[in-house]
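Given below, in the form of C-alpha cells, are the structures.
Heads up, the next two complexes both have chain A, just with different partners, chain B and then chain C.
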Partner chain A sequence: MGGYGDIQLLRDDGLRLDGRKVDEMREVEIEAGILPAADGSAWVKHGLNIAVCAVYGPMEAHPRKIQRQDRAVIDVRYNMAPFSTSDRIRPGFNRRSREISKVTAEALESVVLVERYPRSKIRVEIEILAAEAGTRCVGLTAAAVALADAGIPMRDMIVGVAAGKIEGTVVLDLDKAEDNYGQADLPMGILPTTGEIAFLQMDGDLSVEEFNTCLEYNMKAAKEIHAIQIDALKRRYEQKMGGGV
Partner chain B sequence: MVALVPSLLRQELANLAEQDQRIDGRGQFESRQITLETNCLYNAEGSAKVTWGDTIIYAGVKFEMRTPWPDRPAEGSLMCSAELRPIAGRKYEPGPPSPESIELSRVVDRGIRESNCIDMSKLCIIPGEKVLGVMIDIHVLSDCGNIFDACALAAIAALRTAMIPAERFDIGEDYPLPISMTPTMSSFTRVGGRYVLDANEEEELGGDERVHITLGDEGHLHSLQKGLRGTLTPAEFAEILEVAQSRCAELAELVNSKEA
Partner chain C sequence: MSVSVMGAELRLVAPGEAIGAASGVRAGTGALIQGSEIIATRLGWVQQLNGVLSVDPVNAAYMPRSGDLVIGVVESVRNNLWFADVNGPFNGLLPMSLAPWKVEFGAAREQMDVGDVMLARVQEVDEAHNVVLTMKGVGLRRLKEGVMSKISMNLISRLRGENDQTLRALKEASDCRIIVAENGRVWVDGGPEGTAFMRKVIDLLREQGHMANFSQSLETMMNDAPGGVA
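For the complex of A and B:
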C-alpha cells in the first residue's frame, strides 16, 4: 500500500471522501450477453471501473499438452486496455496481468463443473476498459456472468469484492484514492450461496479483528452483487425468449 | 456452422449475387445499422464506442509528453494502434500482433494522418524538446465483419471529442485537441463476384478481396488499401469510389453530430 495517512481519506463526519459509509460499496451495474461474437459475455460497471468479459467454448484444447484427460482447462486472459488508466499502458501482457489471470483461472476452475468437459478448453477474456481500483474483482464478477450466459454449468456464481483499511478504519470496496493511500486491501472471490472463498489476495497490514471485519463486509457485498448478477442474467434470458434468438 | 463449409457458402453467395441479393437481405451498397457513443470511458482523454451491426469497437485517446522526432522538431506525433485481442472472436489467438492487426492499425492510421486533420504544429510545447504525442488505441470487442470501417469511425470520433490534459502536464488549462476534418472509411468486399459495401462476417468468410477507401471533408482520397487475393478493374473502382463519396459524407455527419 502507498502512503501512511498523509492524505485525509475519512471526513470529520465519519463518511468517506465520496460520501460513502464505511460499509457501503460503489454502485454496480451489470449487462449480460452484450458481445454478439462471443458464446457468453458480460459488461460490468463498478464505480468508475468498466470490465467486459467474453467466454468462448468449451472448445478443443490445443496445443495438446495443455489438455487434461479428466476435465476442461480454463484459459483466462485479464488485460487492461491502453486507455484504461491515467497514464497509457503499453499493450501486452505484463507480470501483474499474468498473475491476475492465473489466480482468476484457478478461482473459476473451482466453481465451473470442469469435469463435464474432459480434454477441452474454455476461454475467458477479460478486458478492463476503465480502471479505478478493484479491477481484478470486477473482472471476476464479469467472468461469472459471462460463463453463465454461455450456458456453462457452475456449482455457484462467483463474486469479486474487496475490503481494506484506511486511516485505521476498515472500509468496504476501496476507490482509487483509498487504494493508493490506504493501509490494506483484501480482494476476494466469494461463492455467494455457500460463502466459500475461491479467490484470495491481500496486501498491507491488518490485525485479526480487522481481517474479520473485512471478511464480514465482503460477505455482505457479495450477496448484494450476486443479486445484480442474477438480475442481469434474468433480463438477458427474457430478451432471448422475446427476441426469438 | 457455415465456417466448416466455405465452398457451400461461396456457392450460396454467388447464387444470391446473381439475383442481386445479399445473405442478410441488404442491398448491394446498403450498410448495417450504426450507433456511435462518445466520451464513454473514464480515464481516456477522448473515447468512442461504435456498434456496427454486431461488430463492437471501443477507441480511446491518450496523450503523452515526449521528445520530438529529430526530423520534425516542432511537431507533435500521432500513433494509432488497433488491437485484435482474443476477446474479438473465436478465430483470434493470443500472442504478438498478427499481420492482420498490423494492417488494420496502419490503414486506419494512414487515413487520419494523411488527411492532416490534426494540426501537429499546435502540439509543439518547446521546439526540439517537448511535444505532445497523440495515441489512439482501438479495441475490437466483437468482430462480426467490417472492423476496418468501424475502427476508423471509432478512432476519428474519439479524436474529435479529445481534451488535452494540459493541467496534468503543467502547461496551462485543458483544451480540446485542435482537429479540423473528419476522415472516414468505406470498405468494399467482393462477394459472389461483385463488390458490396460493409460485408458481414459470412460475406468476409465466403468472399474475396477487399478495398478500403478513406475520404476527407472535400471527398479527397487520403488512404487506399487492397487486401487479400484478387484483382479489380478501374471501372469497378470508379463505381465503389462513387458509393464511398456519399457513404463517407454520411459517416462524417454522424461523427460531427456527436461533438459537444
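For the complex of A and C:
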C-alpha cells in the first residue's frame, strides 16, 4: 500500500470512489475561441477542473534580451485563480506556477514551428478557474487548442494526460483524493498523431510494468482528448463554411 | 452547413492531421512533409493547386512579404526614419530615402508624426523579419482623412472578390474610395452615408464572411446602398 494506508481509494467492487473504472478518464469538454480580444483562446473542462487559455502573437519579443535570432520564444504564464481551490491561493506567481509555466513552455516549443518566427514571442496565458488535480495537464490541453485557434503553425496538437497508482493499482486520470492520497502520479504531454512524448513528470515510485501500464492508459486517453480538441476547433467554423471566394 | 455539403474540395483540417501522401505533390503553406505523408500545420481548409497541397488558414497573423500594399500607423519617429505598425509581429521601417518628401535631418516629424496613417508598400523583408517600407510609387501617400478598420487576413479575398469584382461594386455602391491592404486594414474615404454603408458591410463581413451565403447577403445590402447600385 502507500503512505496513507488507512484511506480507501478503491471500492470493494473494484471501481474508484467516483464510480470510474481504473482506465476511465473524467469527462472532458472543450470550447475554442471564447475570448474576443485574444488571437486565439480555449476553454477546457476536465472533470471539475476548468482552465481558460488565451494566446497572443506572434509579436516582437520584449525585452530584447529574450529574443532568439533563429526562432520564436514561447512565454507561458500558468496561474491559478485565488478561488480555484477550497483554500484561497495567494494571488501572483509562486514557485509551483513558475515551474509549471516553464515545463509547459518547453512542451509547447516541441510542437510549435518556432523557427518560422525569428525574434518573436508567442504569449500563452493559462488561467485555472477551478482545480481538482491534474491542472497542468488541463492547461496544456487548453494551450494547444488556443494556439491552433490563433493560427500558429504546429507539427501536431498536444494533449496533457495523467495516470498514477492508488492502492497498488494503476489508474488513469487521478482526481483530487487519488492525487493527494495515492502513491504515484505520472503527467504526460503527448503528441496524439505521432505518439511522441513532449513532457513527462513523475511523482512517487512506479515499477517498469506499472510505468508501461500508465503509458498505455495515457496514450489511450490522449487519443480521446485529441478527438475532443479537434471537434472543438472544427465546431467553431462548422456553421461558418464556405471558405475561399 | 457541414463540410461534406459544400463539396469534397473544402475540407477543414487541424494541425497534425494527415492531408495526403507526399509522393508527387509538394507541401505548400500551412503544410509539412512528415515521413511519407503531408500533414497540416494549421487549422484551415485543404487546397490542391498545380501539384501543391496547402492549407488555407482560417486565422493567421499577417506576415509581410515584399511587394505587399500595407496601411501603416506611425509608432515612432527618428531624425531620418519612421517606424510604422503594419499589423504584423514587427514594425515596418520607412527610411527617408524611400519617403516621397525631401526633409532636413531631424525634421521628419513635420511630414508625418506619431499616429499618422500611411499607405506604403513593403520594399523588402529579410530573414530576421526586418521590414522595410517604401512610399515611392503610384498612389502611395499619407492618408489624411477617411476611416480605417481591421479585418482578419482570410477575409481579404472575400472583400475583394474575384478580380476585385466585389470591391469595384462596393466602390460604386458606396461612392467611396476604398483601399483593402494586404495587412488586413481597410481604408474608406467618402461621404458620411457611404462611410456608414461601408461600416455595415465590414460588420457583415466580420460576422458572415465565412458563410456560403455571404455574397447574397452582401447583394441585398448593396440594393439599399446610397449609390443604389446592385
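Just so it is clear, the second predicted complex is superposed on the first by the 235 of 245 C-alpha atoms of A that agree within 3 Å, B and C clash if a C-alpha of one lies under 4 Å from a C-alpha of the other, contacts with A are read in each partner's own complex, and residues count from 1 in each chain.
As a working rule, a contact is a pair of C-beta atoms (placed from the backbone, for glycine too) under 8 Å apart; a residue touches a chain by one contact, two chains touch by 3 or more.
This is a predicted model, so every value here is computed, not measured.
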First, second, both or neither for A:Arg77, with chain B first and chain C second: first
Chain B versus chain C as contact partner of A:Asp175, first or second or both or neither: neither
Which of chain B and chain C A:Ser86 touches, first, second, both or neither: first
Dominant contact partner of chain A by residue count, chain C or chain B: C
First, second, both or neither for A:Glu60, with chain B first and chain C second: second
First (chain B), second (chain C), both or neither touched by A:Ala131: first
Partner chain(s) touched by A:Ser120 [first = chain B, second = chain C, both, neither]: second
Shared chain A contacts, counted only where both chain B and chain C touch the same residue: 59
Complex contacts: residues of chain C adjacent to chain A: 1-3, 5-6, 10, 12, 14-18, 30, 32, 34, 39, 41-45, 47, 56-61, 89-91, 127-129, 157-158, 160-162, 208, 210-214
Chain A-touching residues of chain B, taken from the complex the two chains share: 41-44, 47, 54-56, 58, 60-62, 64, 81, 83, 85-90, 94, 135, 137, 139, 141-144, 168
Complex interface listing, chain A residues touching chain C: 39-40, 57-60, 69, 111, 113, 117-120, 148-157, 191-194, 229-230, 233-234, 237-245
Complex contact set, residues of chain A against chain B: 34-38, 41, 48, 50, 52, 54, 56, 59, 77, 79, 81-88, 91, 123, 125, 127, 129-132
